[in-house]
């Protein structure tokens, strides 16, 4: 057997709080999803004004980032036409997200969860995801 | 009626063993899936550190390679924008994989199964799939 | 954050080996799936003569048992007509299995994974799943 | 490796022809599907007046009968409330059919394919499936 470290619900709330604050600051209401390191959902919030379609997308971004241990925008680069991972975007029933806004949450060099943001531009989504992680990291001391 | 030749469970284990050894050699833990010639799963292993997303992807790469009798990277070429098979990646609910790492297992000019590898780069996945086949072939005398 | 204990690949192989031996003893070739505590697949084998339909069913039984922390036959009881969980069988796209043959793998009062067996009668499937767990437990000292 | 015997396209046409004749005789236009022993579709016909919904149902009945090596009406009995396989009807995304009309095609004690019929009552569907098999068997000498 082995032991793995993962986000708990308090961590998930911190991540959402940090992301939500940044989303408020830039004026883009977001869907915010947090998964554990296996890609399973821990917490989710759709801010007032967040897009309904973005619920699934945010969850799938967090899933991809955690379970593939990779930022979704990195898949975006790797899956462009002519690039090696071209076509990966439709894998796993379309859950494999290659659009920016999904980041693995890393602690002491291990992926412990994922955060996925959707409703803004991919650049905004990514920025808000990073802000969630930064806020959470600041609490880890 | 007709008779078809296909991999059995011992073959599947040999293929996994060969692929696993190569994955260890290059230091990339992989998900490894083996299907029969109809694309139906025979055996699967997720190595320690293999990605959770790669379980489905490896199985679908093996399915595609066996059932379409074609290496998945060949679909990658054929499905680029402007090419005839453009868009095929999302077929069959996204199971049709066009990313490298799925190879048909061929015996005496017939497809007898498929091997699918995922967790590394597509080039690494393909290399490990080939190593699985090479190890299995070496046992066929 | 928190720490969770889960099966590793060696554990999965032990569980498969134990289940496979029992399946051989009773003369019913089985599909055997092992997941981690999050319900994500670690290893799978379809024995010679195991049913093709049982591949998905075994994987989904293991998923259900691990991720719901409940034996699938317990869901069978709870989901009978007139019972509180009636209709749960079609949840999660049909992945929530209520037929016997899926057991959580428990270690020191915690669910560390799941085993799912399919191809025999539900009673046989459950017996083989239990044998897999017993064989694995015997190795834990 | 191993060798398996399965229906070819000529067999599939014979099975459809026999089923179609019986459907005409009883005045119920049917959807008729034939799969190989792995449950993969070989041939399909929707008779004039056959139901559109029955296309998928016939294919899934043939898939179930072949890949589970079991008549679908036997699953119907085994999956009644209180019976051991209760709840199996929604397995494999709902493809596991427990309604009569799917029969394995057996040759020399081995399942070599499946036939699935839909559009009539389950009893009619089963009767027409059996007629397809009888007509095909008569040609095997």
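The letters A, B, C and D name the chains in turn, as written, and every chain counts its residues from 1.
Throughout what follows, a contact is a pair of C-beta atoms (placed from the backbone, for glycine too) under 8 Å apart; a residue touches a chain by one contact, two chains touch by 3 or more.
To keep track of the chains, here are their UniProt names: A, B, C, D = Heme-binding protein.
In this text the structure is predicted, and so the values were computed from the model without any measurement.
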From chain B (Heme-binding protein), count the fewest steps through touching chains until chain D (Heme-binding protein) is reached. 1
Could you give the separation in Å between the centres of chain A (Heme-binding protein) and chain D (Heme-binding protein), each centre being the mean of its C-alpha atoms? 45
Mean-CA-position distance for chain C (Heme-binding protein) and chain B (Heme-binding protein) (Å): 25
Distance between the CA centroids of chain A (Heme-binding protein) and chain B (Heme-binding protein) (whole Å) is 29
Residues touching two or more other chains, restricted to chain D (Heme-binding protein): which are they? 2, 38-39, 67
Write out all the pairs of touching chains, ordered by chain label. A-B, A-C, B-C, B-D, C-D
So in the complex, which bits of chain B (Heme-binding protein) are touching chain C (Heme-binding protein)? 8-9, 12, 38, 40-48, 52, 55
If you look only at chain A (Heme-binding protein), which of its residues touch chain C (Heme-binding protein) in the complex? 1-8, 11, 36, 38-40, 67, 107, 112
Which of the residues in chain B (Heme-binding protein) end up touching chain A (Heme-binding protein) in this complex? 48, 51-54, 56-57, 60, 75-76, 79-81, 89-90, 93-94, 97-100, 121-123
Mind pulling up the chain A (Heme-binding protein) residues that touch chain B (Heme-binding protein) in the complex? 2, 38-39, 63-64, 66-69, 81-82, 84-94, 96
